[in-house]
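See below for the structure under consideration.
As written, the chains take the letters A, B, C and D, and residue 1 is the first residue of each chain.
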């Protein structure tokens, strides 16, 4: 918090956010100028996509190459390092795909589409701020911007009953978690006199080693706040309900872009030097990760609602990612485990989004909740769709040679590298558990007779599904260069 | 004679304890009350507890940045309240009900 | 490039059959393709130098540089014959499925070809991750094959198959990752997943302490392979999978997929953890012996022909396990040979059962009887294959079983004494089944077929003869001139045994 | 012709016959099938004769023709050639196999002409000859084992030839599986020898045989030979594995003649004779062999007394005679064993074919209670059968006399012999004479009990010619091995047989030590000879009295011995015992095994694990009850636990 002395460089660095903000106003503005009359949805979507494209381009152009330190903007409020670049990129790309889903899903298209688009983009903006912030209050602002937009996005569903319930649950619990988080921040401030994570890195070590209870208390609360956001058990209870109640494209967005952003910020906090000194904290996190994987997988095992299954699967994957995050923490922020976390997030986002996209295609109307058994016959009526869905599911289950496998490979190998063999073992056992429920939709699709169909006109979503499937295979097979790029930019 | 300075002199610790109490009251409210509006109020209470704590620390450090944070928090709390109330209104309009026990359809 | 061609030609074929517009000619395309694939493998066979134990036709390209994962293929005596077996069985299977698979034929052939790629890949991959990739990839098409074209309880069977196999292999993945982490010690700093670097590791073995790296890694690998083999008591997925699988699925499962497990033992477990393998050989040999006897006894009382054969597989695979873990020249050579034998004879048995199932839609032994008078040619084929399966001399089965028993005698006479009971029990369950199915008065099914002209029992069609003749020829060829086949593997196996404790597979032209 | 070619033709000729008939197995032209098959075996016979003559003409110490074709398989130190050896012992065997085989093939043409599967039948028969030749010619135990199993297979196929009859198919299966038990032991025996001597080549093994006797029961040679002998008990139907042979009579009668009398069942004896230098050094094994042989001889003979099926009587007779052969080799009289093998091949093949002729003439009737007085319908069959009868009961100078007497004498006089063995042998001889006479009396002599609808007739010349040839052989076959005592008294007739075999027969160390002439005198030999002949004579007379004159007597005797008779009649309930003690428990046990291990333990463990996981899932679901305050409670409780754990040092 030195003198507010910023110039063009700051503007350039933050240009993705600024541009995104400006673009987010476009659909709303047009709607207002048209006298509160919705314009053609396609036009809105195209505007949004252009905005996202520009944002993505700017992220790439002004993003960090990783060499020679990471630039910060606005007096050290926002940092633009490899982590920011990659996580932002994933979030933006995922949002683009989610927007296409929203355009075609029955529960999201309709008279309030422009508003939805605005909210989506603000949420993304929040995510970008969350990712880039190295100031806890910045993190909080990003988090809230992201979450508040989401609450509304959920509540705006055309499905009237359970989406409202989901929104209210998410809102109450989310706000409470924000308060907890903030309470933690206040204690960190109280013990270190600063809320910058850069300062935190410097000051944390002596405090933790000196067993400063207040600091640890605050720090733990901050971590709990994050755990809530990324749905780590036992703070995950909202996840299945909210994911199920939200319109599928919004769920997809929530489960991928939002989670990626939250994890990126989580990573930044935990990567602080000196966390490694706190055995208690890291041990506890390990347990949380293991519990999360297990809870997510066993609960998914007994689900029949496809969306809920995927929600629990998302919980389980949080556990895997947390394992990587812990590895980052132990290694005190070295690039390799961080890169494996990023790669895993990338893989996870693509395959989860893909799965939700398929789900979105199958939903007939906003009140239709797809049960796994309903998929019967999909392989006959839509072989390509079934094949792509299988790719997503196999990838989620971690079968080679697709992204999910390499993600797990890198993640586990990072964990083993940091001596977390037992966690890797748990992860492995869990991935066997998960195979069972990931296989179930495939069983139903291919091996049971039925008449499942999808609406044919959803070209955009279909396109997204196919592209994602191809990406998952290609980025899996050529995962080496990708991983190298990520690691280089982080190191 | 017992030392009653603890009762007579108000130190930052007192504020912190008060803040913790407020926070816990907020938590208790969230956990126990059924009315949505009361729930919102409890959350606001928690945020205000945070604010109190920020101010206390800020004061004891003799810096203003903590107090600046309070402004941020207040702003966001306001936004949150707005969103929350909007949700509550829309729900009430549809269901004529703000008891949260009404919302238990999503489970399992 | 030859090995890459060998591996990826089936994938190309899979895409080709998927894209092929005409359903009627699709089978011809698939058949032609698989025969070309077989020809390619023959070229590999011709180029293979059987006098050298070195890795041949090596291809190595970096794949994931950061982790030292490479696209590393090579072939040596241990894998040569298994590759041939795979490419040989595929056209046979395509021909055999000509009539029996009549829905989703595109998907079927595509799965078959993907499966072929995966199996060949597992035999040829010399990089741990690449191997694991192919290994797991092989599950997927098999999963579909059983699940889509299988019998009544196919879903239960296929899920059981998948979960069982997967649970074993994930531990192997963990072990692979762990070993990769150790490789910088031997490569001079960079991490590597190449099997050659794994061989160099020579993780020290500490007897008596279970929780030591070699022992744990050994069990992690061994469990994966033992489930795949399957070794008693991890075998229960096999009967279910076999019974529910369609004929081609059973053939490929028994013929090649089970061999992936035993191959894994030879390629990975024994050379990587020689001391642990030796130290715990009693465990595996014991399981093998129990497997032989248990499999045979349980096979004897099965009411379903296919299940009987499936349990006989458990018994036969017990022999192979024993052969491998005697870790002497006889046992290993015999085990390797028995892999081929089992692939051919059990494969042929499943084909035959599939043929009879096509005619009668029943596999219940009690309903048969007197089939020999209705289907003489079929009976002859069946009896020939039975003889191979129960290891009558001059058929292939004898050579393998004899060598394994010889090796087991060298390991310990008692092992030989116990496992030789399998020779008797094997004859008992097979001949009893043959008696009940083919001999005796005409059973329910034959009588029904005689009354109903629509479901008349007809003897082998020319196509079926074409399916069976190569197998029968091989049965005798391999039984009468085993040296012609064994010479391909002998050098490599002997080299492995002699250098067991510091095994270094030399890569000819290694880059 | 080079020996290699000759041996190749010898072996391959039946194989080619098999293939020629095999590919056209559905044809019913019995002439063509029979011609192909018989020619094939006859070509082999000619080759055998040529080889034999070559051997005879060769100098005495070079009477071995070894030919190798290719290396069959080799691993490490283990290497087996497809190599064959024709020497003094195997040349005799190939002559018997191809010679008697040709005759039986010829007979079969007539016997099987009405059968639809005649081509298949001849194919199997040729295949059998091929395998039998492999067995006797193989130069190593493993090549011998190939034939050994091969003949078992053919036996299986031929016993179950009429497979539509479940009992016949079962008999084939029983034969194969029982044989397999022996084969398993044979394999172990091979291993023991291989790891002791490093080779399985018979000549090398014999050369490597230890020079001192092995006293221990657990010595390698003793164990190895014992295991091989167990193999032999399977193939040669000795206690305890003899049970398959009587059932094997389910096959066509010529098959019984060829396989179950003349050739295959003697393979065990042949094997022991081949390896005699090894067996000699294992006195314990020898003792076991002799005892088992004697016991089998007596026991089978007692069962033979009571049977009514003409083939069953002959079958038990075969078991009994095989017992004699084992008795012979057990006491070290390898030459005598081989001699009896040959003469038995002649007269037992003759009797089986004769019984075949009877069965044929009686339209598939096998029960001798429904025969009687057949001699007037079937004169040639009768005459030839009488020759066989005389031979088997040991009437001088029929062939059986010489061989059996040699065995009895050796059982008594050999250093490994014992007077009890002689007694057993003599009892067996008496029983043999009795039941064979009974068979003759009930079948050919006495009054006819033939069913009115059956019109017995003499068989055609295709069947009678082999009978006549075999009858002649049964008469004169013994003259090449006349014992010294008789030979001396008849004017220095040498014992050609002993002389021929002697280079390959190892001397027992005791004999070698005691010098050429043992302590036994010629008087003793004459006495014993007289004793055995008189025992046989008395038995014949008794039998004649009982079955021709006083036809009530058999009934009275059997009533008098009630339970004993019943036990004997039911073959001592051995089959029942095997079923009750072994086979049924095995099947039942397997069922339980499957049920308890696979279904109830392994699978159940899997299910329980899944249930556990599912239970966990249901538990998690029950926590997820939809009440957001509860969720908030989880968060707070989680936070509380987290904080307390983190803050705890």
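The working rule: a residue touches a chain if its C-beta (ideal position, glycine included) is under 8 Å from a C-beta of that chain, and two chains touch if they have at least 3 such contacts.
Only a predicted model underlies this, so the values are computations on that prediction, with no experimental measurement involved.
Asker: Return the chains shared as contacts by chain C and chain D, ordered by label.
Answerer: Common neighbours, chain C/chain D: A.
Asker: Which one of the chains is farthest from chain A, going by Cα centres?
Answerer: Between chain A and the rest, the longest centre separation is with D.
Asker: Tally the contacting C-beta pairs at the A-B interface and at the A-C interface, and name the larger one.
Answerer: Higher contact count goes to A-B.
Asker: Could you grab the centroid distance between chain A and chain B? Build each centroid from C-alpha atoms only and quote it in angstrom.
Answerer: Roughly 28 Å separates the two chain centres.
Asker: Please compute the C-alpha centroid of chain B, do the same for chain C, then give the distance between them in whole Å.
Answerer: Comparing mean C-alpha positions, chain C is 67 Å from chain B.
Asker: Whole-Å distance, chain A centre to chain C centre, using C-alpha means?
Answerer: So the centre of chain A lies 43 Å away from the centre of chain C.
Asker: Approximately how many whole Å separate the CA-defined centres of chain A and chain D?
Answerer: About 80 Å separates the centre of chain A from that of chain D.
Asker: Mind pulling the residue numbers of chain B that touch at least two other chains?
Answerer: Residues 27, 30, 100, 103-108 of chain B each touch two or more of the other chains.
Asker: Two or more other chains in contact with one residue: find those residues in chain D.
Answerer: Within chain D, residues 621, 624, 626, 628, 632 contact more than one other chain.
Asker: So, with touch as defined above, which chain pairs make the list?
Answerer: A-B, A-C, A-D, B-D, C-D
Asker: Which residues of chain C touch chain A in the complex?
Answerer: 62-67, 69, 107, 129, 132-133, 136-137, 139-140, 143-144, 147-148, 154-155, 158-159, 162-163, 166-167, 170-171, 173-174, 177-178, 180-181
Asker: Note which residues of chain D are touching chain A in the complex, please.
Answerer: 613-614, 616-618, 620-621, 623-624, 626, 628, 630-632, 634-635, 637-639, 642-643, 645-649
Asker: In their complex, what parts of chain A are in touch with chain C?
Answerer: Those in contact with chain C are residues 383, 394, 399-401, 405-406, 409-410, 412-413, 416-417, 421, 424-425, 428-429, 431-432, 435-436, 439, 442-443, 446-448, 479-480, 483-484, 487.
Asker: Touching chain D in the complex: which residues of chain B?
Answerer: Chain B residues touching chain D: 27, 30-32, 100-101, 103-108.
Asker: Which of the residues in chain A end up touching chain B in this complex?
Answerer: Residues of chain A touching chain B: 1, 137, 140-141, 144, 148, 151-152, 155, 160-162, 164-169, 171-172, 175-176, 178-180, 182-183, 185-187, 189-190, 193, 195, 240-242, 244-245, 303, 305, 308.
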